Every structure is written in C-alpha cells, then in structure tokens.
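As written, the chains take the letters A, B and C, and residue 1 is the first residue of each chain.
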Amino acid sequence: MTQLLQQIINGLSLGSIYALIALGYTMVYGILKLINFAHGEVFMVGAYTGFYAAGALGVAGFEGRNQAFPLYLAVLVLIIAMAAAALLGMAIEFLAYRPVRSAPRLTPLITAIGVSLFLQNAGMLLFSPNPQRYPAILSEVRFELFGVIVTNIKLTIFVVALALMLGLHLFVQRTWTGRAMRALSFNIDAAKLMGIDTNRVIRSTFAIGSALAAAGGILFGLDQITINPLMGVLTGLKAFVAAVLGGIGSIPGAVIGGLLIGLAEQLTAGYLSPEYRDAITFVILILILLLKPEGLLGVVRVEKV
Amino acid sequence: MRALTRVAVAAGVLLVIYGLQFGVEAGFTQYVQRIILLAGINVILAVGLNLINGTTGQFSIGHAGFMAVGAYGAAYIGVQLAGPVHGLLGLGPLADAVVFNLALLAGAIFAGISGLIVGMPSLRLRGDYLAVVTLGFGEIIRILFNNATFLGSATGYFGDSPSGLPEYTNFFWVFAWVTVIVLLIHNLTFSQTGRSLTAIREDEIAAEAMATPSTRLKVTAFAISAASAGIAGGLFAHMQSGVRPEDFRFEKSIDMIVMIIVGGLGSISGAILGGIFVAVSLELMRDLQQYRLVLYALLLIVIMIVRPQGLLGTRELHHLLRRKRPAKPAAPTEST
Amino acid sequence: MSLLELRAVDKIFGGLHAVRGVSFQVEPGAIFGLIGPNGAGKTTLFNVITGVYTPEHGEILFRGQNIAGLKPALIAERGVARTFQNIRIFRTMTVAENVMVAGHHLHKASIPAAMLRTRSYERDEQALRQRAHELLDVLGLAELAGEIAGSLPYGSQRRLEIARGLMLSPKLLLLDEPAAGMNSQEARTLNEQIRFLRDQLGLTVILVEHNMAVVMNVCETIHVVDHGETIAQGTPAEIKTHPKVLAAYLGEEHVENEASA
C-alpha cells in the first residue's frame, strides 16, 4: 500500500511538471493550430538557464560550505530562467513561425521540427552533450508521512506548479490579454476584425507558455538531479501527449493530462518494468488519437464543407 | 513482342549497371564507394517516402521504423535461407544472389505489413496528428527491436557467423534496386492511382466526392512507401556487419525528411537529388558531425521560409527540360 | 419511383439544428431547385445527401436504397455527382487530369498493372483519356485540356467541376450555387447548359441557387427551406407569390406592408 502511495506521489509530482510544459503546447495549438515542436527545447533551455544562473549566483559556494542556498536567490533563479525562456519563445515565434503563419499547415510543421532540431543540437554544442548535475538550489530534506518518503523538493514542485497554474487561470479569466487569447483560440480572423492586435496576443502566449516550461525545467532538474541537452525531446513529447490526452486547446485539459501521464509513467515503471516507462506514453498517444482524438476535455471540431 | 522488348531493355540496363560497377570499384576509393552506395540507398528511401509525404500529402515522420523492420527482416531471413539455398545451389555468386534478393523481398514484405498496421489506424488522422502518431510508432518499433533478445537487443543482430552478416551489398545490387524502385514508383505516380493520390493531397473531400476510395489508397501508398524503406533497410544491413537499433533513431527519419524537402515535396527527381545531397553532406561533414544536424535544422527552417517547394517543387526534371506548361510549384499543400 | 427521396432528415451540429425534418422527392429527369435565405441549411442538405455528414434521423433513398450515412466515395459510385459552393477543383493538376480522377469505374487496372504498364493498363488509360476529352468537349473546355486548372478563369473552373462530375456517369447531379458570380448573360448560358444536361444526357439535376433569374427560369419544382425547415414546395409561379417564402426572404413586416398597401 505504501509502495502504491509512493508511486502516486512520485507520479503526481512528475505529472505536475508535465502539466506545466503541456500548458505551453495547448495554448499555442489552441490559437495557431500549430504543434510547437520546439517547446520541449524551451523547457531544456529553461533548465540550463537555471543551472547557469544558480552557478553565477554562487550556489557552488553554498554547497561547499554545506549551507542552504538562500530562498530569495532561488526565487531569483526561477525568475531569470522564466524570463529567458519567455524571450526565447517570443524570438522563435517571431523568427521562425510568423513568416510561415499563412502557409499551408505542413510548412509550419516542418519549420517547428527544424527549430526543435536546431535548439537540441545548438544546446549540445553550447552546453556540452554530457549530462550535468543540477545544483542544489533547494537542499533536499526528506521526511516520512504514513510510511511514504516525501521530500521538500516534491512539495516544492506541487506548490510552485499549483501556484503557476492558478496564476495562469486568473490571467486567462480576468485579464484583457487572457480574454483575447481565448477569443483567438475560437476564431482568429474574427478576433482580428474586432481590432485585437493578434501579433501581440500570440507573442504573449508564447512568452507565457515558455516561462511555464522553464519553471518546469528547473523543477525537473531539482527532481531528477541530472540534465542534458536532449532532455527536452522525450519530456517534450510526453508533455505533448499530455496536452492531447487532456484535449488540445484546453487549459484544464493540459493539467489533467499532465498528471495522468505522470501517474501512468510512474506506475508502469514501478509495477511493469522501468524499460517501458517511455513506451507507455507512446501507447497512450496512439490509443487516444485512435479512440478519442479530441481528448478528454476537448471539443469535436466539425469541418465546414 | 512487347514483352520481349521489355526484357531486352531490362537486361541491357542491368548490363550497364554491372559494367559501371567495375568502373566504380576500380576508379574510386573505398571511402567514396561507400558514399555512392549510401546515396543509392538514400534515393530508395527518398523516392519511397515521397510517395506518401509528397504525392499523397500525408506527412509521416517515423519512417526510420520501417527501414528498421526491413533491415532486421532481411538480415534474419538471409541467415535462415543461407543454409538451404547453399545446399541446393552450392556456394558461389548465384546462391548469394538468390539468398540476398529473397531476403530483401522478405524484408520489404515485413516492412510493408508493418506499414499497413501503422497506416490503417493512423491515416484517419489529419496533418499534425498523423505526423505525431507516425513519430510515436517509429519510436515504438525501435524500442521493440531494442528489447528483442532474439535479435540481439541493443547490441544488434549479427547473424550466426563470427564475422557478422554477409556483405552482399554492392554497387550492382544497390543500383539495380534503385532502378527497379524508381521505375515502379514513377509509373505509379503517373497513373490513375497517382492522379488519385494527388487529388487526395489537393482536396480529399473533393476526391471522395469523385468516388476516390481515399482511405484505401492512402493506406496502400503508405504500405508501398514502407516496403521501399524496407528494401533500403535490407541493403543497408548487408553493408555493415550487423543491424543495430541505434541506426534507426528519429535522426534517420529526419534525414529522410530533409531529403524530400530539399528536393521538393512531390517530385521524384527532387527526391533523387535530395537523397544524393544527404549522403554526400553526411560524409562531407563527417568531421563536423555535431554541426551536421544543426545545419540540417537551419536548412529546413530557411527552406520553409524562403522556398518551401524546395528545388523542384512538384515538377520533374524532365518537365523542366521539355519546357512544359509553366506549372505552379505546389509547396506542402493542405491535406484536407 | 422517385430518383431521390428524403424522409424526415435531421442534421444537428452540437447546439445547432441545421436541418429539421426535411422531406422531398425528386423525380427522374426533373430539374429541382432548392432555395432559401442564407444559412437555411441548403448546402448542409447537399452534404448530407452526398455522405459528407451523417443525418441524425431520417432516410435518404436513392433509387430506392437508403444511402444515409454511407461514405461519400460509395455514394458517388452509385451515381450521385456534385459541385461545391466554393469550387473544389484540383488546382495544381491539369484540366484533363481533373476530369480523369473521377474515372475509377473506367479504369479496372490494378496497382501492379500500373507499375508495370501492362497492355490492359495502357488500354484503360487510353479509354479514360478519350472519355475525359469527350466530356471537356461537351462543356466547351476541350482546348484547355492541358492547362493547369488553377489558372483557369472562374467560369471555366465551374464548368470544369461539372465535367469532372459527369465523368462519374451519374444519374443525379447536385449543383451548389453554379451561378455564383455570373452576370445575366452567363446566367442565361447556364440555364441552357442545365437544360442540355437533362435533355441530352438524361441527368436529374438538383440546384441550390440564390440567383432567382436562374431558379425561376430553369427549375420545374422548387423546394424552399428556412432555418433548416421546409416552408414551401411548388412550381416557380407558386413559389414566387407564396407568402411564407416572401416572408422568409423579405421579412414579415415587409409582407404585411405589401398586403395592407
């Protein structure tokens, strides 16, 4: 029983990270009907930015003296990474996606694949292809609860993810830009005719999604201890499956999808075999696309003929 | 009479290829010969992939999986057949030729069947979703081979001899198969079936309204392109001493996509040029291995922004030479 | 037996009840008009008849057999051809190729035969090309056979769509706003062409159209829908003065004003 609880806790924390990344996919797809293949790489860049920022702020020193990295510095690292990712996301949108926005659907797809590839390999050149140990931005503290081991890192993941998702929810519901984002996801042309600056809204969407992914990247680094330039490929794909599972275009869907994928992965690794932890995501992807392509919370779109 | 002419022409072509083989083997270094063989294998991959991605407009990005199925299939069957065939025909080039080609055909059949299995459910999906599902299937295939103990798992399959798989692949076989596959796919593309596939690419709904059995044709085209990749896989396997799952990662699928995008999505001659381009650039950048993918990535992005139709668009070289009607190149088109 | 019969057909899209209990019969050899204000559900009806959508309720009997919910390709094979409101020709293919695509029933050759270019394949291909040319000729497009379809002027594109549909050797032809964008001269020519299709080629024609000059002139029976429901059916003369039809097009007030004037 405790084994099950342990797996569930682990699965949910992993799933929270997937949810943060999935939000970016779902928001961009909702508006542009584009799978932003490069989003996984933004997640990776976020993690690395955290890595280098923590280094610059002297995390090694604190580790050496066996002291905890100050909380305010940890928050600073998070903010820096989120800001950097937001800038990267906006740059990608402006340089690679905007020029092909009106092209037939296949063209942006190939462009997105190209950007993803580019960032992966640029990452390997810039950051070294070897895995790096993630700095202790948060020092690990373990405690036992009902026989289950919970670390402060897992708790942090839950808290940060929850806070960010809540923030996003408020943003989308209460602010003008948020409402504009929703409008664009329904009908981008009508939104344009209503005088909404679609370019600005799209830019914001990329910025927000990227910032969330970066947060996910730092949390991932804290949780998994090592990062490498190709970490975005598999994790990005899993987060994408999560977005599809929940219903692509749906924000609550991305959250639910992320948690479910995290759980499925953890339970598969724990009870079936660790070899298949990645495969289960592909199986879920195929099942979902064949059985209910609009996802759990998605809406079936009828094509006008 | 007609059949006789055709057989004569075929024999003639094979003779020419055989003759060229001597020239190539004498005149070029091992290194260059390898590039030439890889170029030929790439051409088979590209022309096959172009049938489904280009002509039919159904974007598959996991084709490395089918190449893997063909490679493993051909290698395994080749090993099983070697004994019986050598028993019947003795040792020597004839027996080898029989084993090799039967193995290649077996690999192609396995690959074609896996194409059917993947295609049937997937081709109901549109554009982006189809791409992701094919990516998923490609990875699943690779993971399966990675875990298949009787095929050597991650270490790879080396047959049952200490020196690994027999190296049947040479200039003659590669280019004989290139000729066969390019010819068959060319004939298919410029036939009623090819017209139907193009119609599906242009406007699937209109095509269906004109009685085109679109799902059946899409799946068939997918299976044929998978079978092609299978032949390429079989040829590739017998150039190395073994077949390893890592030869068929997503990067391989990306290589295939670069081939057809650079040449022009929808053009057979474009696919041929693209296949050659990738083989050559692969070798030229052997020292700059880590830059190769960065450059491919930039190439994809720049092409999409600046010239999405690639070199030839959907035109063929012989169209340009004949100065046919000024055909408007169709960049990747809607698949609805 | 009527060629096409709709019985209480319903089509619902989520919250929108696009077609409500529509029924009508089209006799063989008729030129049948389907009219109604914008958004009335006319094109939806075409889409339901041709299998693009499956109706929630009701039957669609073509030559006595229910085709509701069959796939479009099957329905086309049985002899129902259509054109589209926003022309859906295959823009990058040539004019001749556009027509040839629809010639599946003439081309028995299999894929291996196509790959190997067998003699029977070549024969079928010849026959197909010939038939395509005949049809292009009928619609006055023979000279344009080698042109890229997308480069044709609008009116020719519309005629190409009809030629393509004729390749199916259909019994029933559904024309979706064939007169869109035409001036009165072109509309008159269209009327002649429609009559020709019925008189010389034995087709039954159903027409969705907004251009009243065409509708009133060439249709023998007119069925009027509004908000998905049938509001009238009759000859052009009857429909022209039918109060419900006038109300639907001109608004209740206007009709009342007219009546009291």
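Going forward, a residue touches a chain if its C-beta (ideal position, glycine included) is under 8 Å from a C-beta of that chain, and two chains touch if they have at least 3 such contacts.
Owing to the predicted nature of the structure, the values given are computational and were not obtained by experimental measurement.
Compared with chain B, the chain whose C-alpha mean position is the greatest distance off is C. Think of the whole protein's Cα atoms as having one middle point; the chain whose own Cα middle lies nearest to it is B. Mean C-alpha position of chain A lies 49 Å from that of chain C.
The geometric centre of chain A is 35 Å away from that of chain B, both derived from CA atoms. One inter-chain figure worth recording: chain B and chain C are separated by 42 Å, centre to centre, where each centre is the mean of the chain's CA atoms. Contact of a single residue of chain A with at least two other chains is seen at positions 305. Chain C has residues 52, 84 in contact with two or more other chains.
Shown for chain B are the residues in touch with two or more other chains, namely 205, 333. Note for the complex: chain B touches chain A at residues 57, 59, 61, 121-122, 124-125, 127-129, 131-133, 135-137, 139-140, 143, 147, 205, 250, 254, 257, 261, 265, 290-291, 293-294, 296-301, 304-305, 308, 331-336. Contact residues on chain C toward chain B in their complex (touch as defined above): 50, 52, 71-73, 76-77, 81-82, 84, 88-94, 97, 100-105, 107, 109, 111, 114-117, 119, 121, 124-125, 128, 146-148, 150-151, 164-165, 167-168.
For chain A in complex with chain B, the touching residues are 33-35, 96, 99-100, 103-111, 113-118, 120-122, 124-125, 129, 233, 237, 240, 244, 275-276, 278-279, 282-283, 285-286, 289-290, 293, 303, 305. Every residue of chain B that touches chain C in the complex is listed here, in rising order: 2, 184-185, 187-188, 191-196, 198-199, 202-203, 205-214, 220, 224, 314, 325, 327-328, 330, 333.
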